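Each of the next two complexes has chain A plus one other chain: chain B in the first, chain C in the second.
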Partner chain A sequence: MPPWARTALSRIATAALSLWILVTLTFFLAHLTPGGPAYAILGMRATPVGVNQVNMRLGLDVPLWMQYLTYLGHLCTLRLGYSFLLNQPVAHLIVMYAANTLLFTSLSIVVGTLAALAIGMVQGASWNRWPGRLIGAWQLATYATPSFFIAGMLVLVFASTLGWLPAGGITDAHMTEPGPLSYARHLVLPVATVSLIVAASLSRYFGQSVAEELERDYVRTARAKGLGLRDILRGEVARNALRPFITLLGLYLPALFAGSVVVETIFDFPGLGWLLWHAALQQDYPTLIGVVLLIGALTIVGNLAAELANAALDPRLRSRTLA
Partner chain B sequence: MSPPLLRIDNLCVRTRDGGLLVDDVQLDLARGEMLSLVGESGSGKSLTAAAILRLLPRGLVATGRIAFEGADLLALDEASMRAMRGGRIGMVFQNPLSALNPTRTIGRQIADPARLHVGADARQAREMALQMLAEVGIPDPKARIDDYPHQFSGGMRQRVAIAMALVCHPKLLIADEPTTALDPIVAAQILELIGGLRRRHDMAVLFISHNLAVVRAHTDCVQVMYGGRTAERARADVFFAHPRHPYGRALLDAAPDLATVVAAPPGYALPALPGQPPDPLARPPGCAFAPRCPAVAPDCEVAVPPLRRLERSEVACLHPVATPAGPRVPAPEAPMSASTHSSRPSLLEVRDLVVRYDRSRTILDGLSFDLAAGECLGIVGESGSGKSTLGRAVLQMVAYQGRIALQGHDFATLRGRAFRDQRRRIQVVFQDPKESLNPRLSVLHSVAEAARLAQGLPRDASLAAARTLLERVRLGAALYDRLPEAISGGQAQRVAIARALAAKPALVVLDEPTSALDVSTQATLLNLLRSIGRAEGLAWLLISHDLAAIAYMADRIAVLRAGRIVELAPPATLVAQPHDPYTAALVAAATG
Partner chain C sequence: MLVAGIGLATFVLLLSFIGPLLWPVDPFALGPHSVLSRPSLAHPAGTDDLGRDSLARLISGGATTLTVAIPSAIIAFLAACFYGFAAALGPAWLDRLLMRLLDAILALPSLVVLIFFAALTRLDAAHLAALLGLVSAPSLARLIRNEALAQRERDFILAARQLGASPFYIARVHLLRVMAPILVVNATFLVGDTILALSALSFLGLGVQPPHTSWGGLLESGLTVAPLGAWWLIVPPGGMIFLAMLAASLTGRGLLARAGDRL
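Let's turn to the complex of A and B:
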């Protein structure tokens, strides 16, 4: 077997193992919580007979380990099961909701990351001085503020007071402006909220990374060659400072998909976070595990993508990653 | 006489709160000349060099006058200064790996100054880089120009750094310890290269070093710095014949010299300089060297002695050394017992040792040797020869094939507790003492912890044991409560040795124990190690690329090359009749 094939195989095996552990943990943790989907469906005053009937229909009457094995079996054939509540295939639900989240989160990531790079560069070049310190204070303040508060303030100013933008949802209630423009207008405030948080936390890492790189010997060499600060930042430092940043981004992105729960709930934005939240509340196991599985897979793909991006940036890693 | 190319007057470097790091330094460098600025850590030599290019660390301010080709560098605007850097003045730094950008090809990095300073376009700049690479002796430049720094060896990287500094043919090259991180044969080649380029391009060189022996053969002038001031300056022949400042003299004497240590009688000890290199922010009112000076007089401690002319030297000393530097007179030492290693039983037995990396690369290729109790075996070899791996194999820190037995017990046959107890009988001291100490443990507790772990002593007994050990490495009680960050490199290395001794070892592996230390501290530590070894009957495995230091310490020297022992002999034999060509090259590089 050529070495690259062995590496690829071991990567895939590791990924599969991680996903299996994730599924198992989620499965048992979800089933351990008191109550059950039957109560969610029938209400809290359900009779034991009714509960039994629902459980039988949902296949929840067999021992837990059998349910687990059945679920794993289905998973191996890529079947995610049916949502108890919405009575639709989970895969179908995920695709529907993920499309919204994908658009919303990608926009937030792109805006947030670009802002983070620009802000971090300025901060790194003026670390421990003005304006670096001011940026640091802003980052800390934003980071310390809960996302629901930021979202609330934005709604208060731009929706309630100024009335420029809708406060939530995804379509206009009165359908006064249907179509893509309305959809875009609904996206502005959620995207602004998440971008702001992304920019604040990521710019701090990038700023620190830039500041550290500026202390390195090769920067001194570059200065001794007669390069100015602008050239050094762009030509020498940026590439090196990006490497730790990208590793972080790879870990951070999937968390963003999961972390959009709060923002999506506040803006009543029907995305994956919203779906996860409702599935958890109503103990809709198949949907819950399906969404968690997707986030897990995104994490693994994100890490791999970061690793590959780093290899492309760093000639020293290139040989190691591909070998 | 034409004005010098570079003339520094009254250069001072201050911290923000007024601490003087460089104090009133003068320096003259003529066109095409090489001047060596020599001193230990804290002497201000590197700050002086950095001040010339105005590349001082943030928070330091230079005042005075630095005249270069008629311009005062300290008064230039930033744009003109950038034109100087890399254009008229090139600079090379100590560590050739970290000084190059890891993510850019060397070709691009070398081409930068050409694009910046002579207006070359991308193609011309690449052409100039190719030419320069050929000139600094990179074989097949066309094939290597698009390689990255990590694809080159240390010596080749330094050649790349030199190419980068010289691509615009500057009239001055500042070289800040360019050979310190390299092994001696490679270092000699780099010096040879700089010398050749200097003659070809009529370029002046300001060479900064802590080691006088390195510059001896190449330099025109020597300027010795101590505690931020100039101690002495003179033409090289004048200086080496008769160093006038007691510090210059001590520096010359303290560096082990291969010919001297090999020819010396058994009782010979290196003339060591007591005390620590100066803290430039806490200098005594008088001469900075007074606390360590063997010839100190009361008037030395009153006022700073000015630099004054004395025959053909200039020296800042009230009581300059009167006698020229003759052949060294070995100092007498207590005679040692005359037992030779061959009559002693073997302590460590290494047979057919093989270490492979990644199943394919062989690092050690069938080594065999014996080490007797009380013997010091020196291991020399270039970087990559496997000498550090040998130390790690003996310490059972890497997987190996073959037999390593201590006191007759083969490690391969031992399991569990027996294995751990046996392994504890071999201790190690690493190159960088500060890195190897726990930064949150005081000196005393660092050693006490080792005693407690190794001997299972209760708290009080372990503290008592630690005190005894620290006395044995001659560390003053005033330092016991300090953290590693608050002690010097030499002191930290003594703590590391005390910690190794706490386990009551039979064998100590010393991996480059002195190469991170200043020259004056090095001699003290080597003498200490020798006396401890003799007093306790300890065996040392001393790994180093400093042949002179090894020849001073070792009973026998093993020369390692590509994972094999190419020669194993007592120092005198090895130096007088090297059999292997590599050994001969090593001896040649060490004798200069």
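Let's turn to the complex of A and C:
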């Protein structure tokens, strides 16, 4: 077997191991905490007999290790159970809500990243002078402001006071056939919130690497040859500063999802974060575990893909990932 | 930067813990005749939808938030030190096991883990602090482990090991001292992290439970009356979280700059 194949295999095995640990942890945590689904379903009407009946119906009366094996079997065939809150299969729910989150998050990433690149370029070119310092102060202020406060202020100004945009939801309730414009209007404030945060945090890293690149010898050579700062920035500097930035973007995605949980709840935007929140409030375990596992699996698979892609692109990394 | 950070932190702490002495108004007293009133002399920060005094609620919310968030930052710090040192100084199989476990945990954003636990059981303040601490620990645990692994190969620690010093002795006497700057800086950032996480959780209705107040909870209840334009219920709690985070961040960065030449 060639060494790169062995590297890839060992990486995949590690990722699979992480995934298995995650599944096992969530299963046992959910099953070993007092209370349990029977109490959540029956609520005030819980009697010992009723609890026993529900447990038998849900297959919770067999030994825990048998439940665990059944659960693993179901997961392998993507049967995630049934949401008793929304009365639908969890897998179906996730697909439905994921589409909204995907639209919302990808729009925010695109807007936020483009802004971050432009802002970072300006900041890097004027690191210790006023535009750069001002941008630095703005980045610190945005970092210190929680997403729900930014969202709240946007709602207060643009929805409550000015009345330009809707405060939440995904379409206008009074329309029977909402057009794309209605969707777009509802997306403006949530996307603005998240892309503001993305732009502030990513532009700091990009600005710093642009500033570092500008210190290097090849920049001095290019300047000596008579190239203007603008051309140097757009050419080599941008390309070199972009590489660590792409890795960072990959690491940043899970954090972004966590942020979208809060933003989706504020704007009552029916995405995965909203689903997670409702499932948590109503103790809808199948949905809760389904969404949690999906997020974990996406992160693990995403990290694996980034690592393999990096190894494929850069021959120097192929052997290093072996360690 | 350090001075500004410590000044802000002092302000936030004084307001939350000495505040009740300066503004001795009951945060839970209902005021049926002054519902949603604007800031005035009688109520400097206005009143909420049940006529309760907002300034008193802001002060008591600060005390709750900080008495949960600061202990949980300490728990997170101790847990991260213990985990990181155990991985770095223990046998190789233990390191591998602990790091795999950490990989699996880090695959989930900490807010998602918190929501998961908060859904399983309703938490009181002590459990909330413990959970918040454990959930905030993993990334610092990895940082400490990597740093300790690098320091472990330095000559004086190799010498200590040759002389038969136990891993506990090395961690306590040598590593804690060498790594003190990096540990102090990260402990400061941790306080900001736990304040933010607790506020987000309370904002979602899963953290500090009513009747107790918290900055996140106050902001959430302020937003429910946002359509009425009650800005005085949104700006102050959000502003307090902002100031607390800014204080932690400025102090951390200031310390980092001070420690720069020692690292």
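In this text, the second predicted complex is superposed on the first by the 275 of 323 C-alpha atoms of A that agree within 3 Å, B and C clash if a C-alpha of one lies under 4 Å from a C-alpha of the other, contacts with A are read in each partner's own complex, and residues count from 1 in each chain.
To be clear about the criterion, a residue touches a chain if its C-beta (ideal position, glycine included) is under 8 Å from a C-beta of that chain, and two chains touch if they have at least 3 such contacts.
Everything numeric here is computed off the predicted structure, so don't read it as measured data.
Once chain A of one complex is fitted onto chain A of the other, the partner contacts of A:Ala280 are limited to chain C, with no touch recorded for chain B.
In the superposed pair of complexes, A:Pro63 makes contact with neither chain B nor chain C. When the two structures are aligned on the shared chain, A:Ala167 is found in touch with chain C, with no touch to chain B.
Counting residues of chain A touched by each partner, chain B versus chain C, the larger count belongs to C.
Applying the stated contact rule after C-alpha superposition, one finds that A:Pro146 touches chain C and leaves chain B untouched.
Residue contacts after overlaying the shared chain place A:Ala255 against chain C, while chain B stays out of touching range. Contacts of A:Arg216 after superposition on the shared chain: chain B is touched, whereas chain C is not. When the shared chain is aligned, no partner comes close enough to touch A:Pro180: not chain B, not chain C. Contacts of A:Arg239 after superposition: chain B is touched, whereas chain C is not reached.
By the touch criterion given at the top, residues 216-218, 220-228, 235-236, 239-240, 313-316 of chain A touch chain B in their complex.
Residues 53, 55, 82-87, 90-91, 93, 95, 98-104, 112-113, 116-117, 148, 150, 161, 164-165 of chain B are the ones touching chain A in the complex. For chain C in complex with chain A, the residues that touch the partner chain are 100-101, 103-105, 107-112, 115-121, 192, 196, 199-200, 203-206, 216, 219-220, 222-223, 226-229, 231, 234-235, 238, 241-243, 245-246, 249-250.
Chain A makes touch with chain C in their complex at residues 14, 17-19, 21-22, 25-26, 29-30, 33-35, 140-141, 143-149, 152-153, 155-156, 159-161, 167, 254-255, 257-258, 261-262, 265-266, 276-277, 279-281, 283, 288, 292, 295-297, 299-300, 303.
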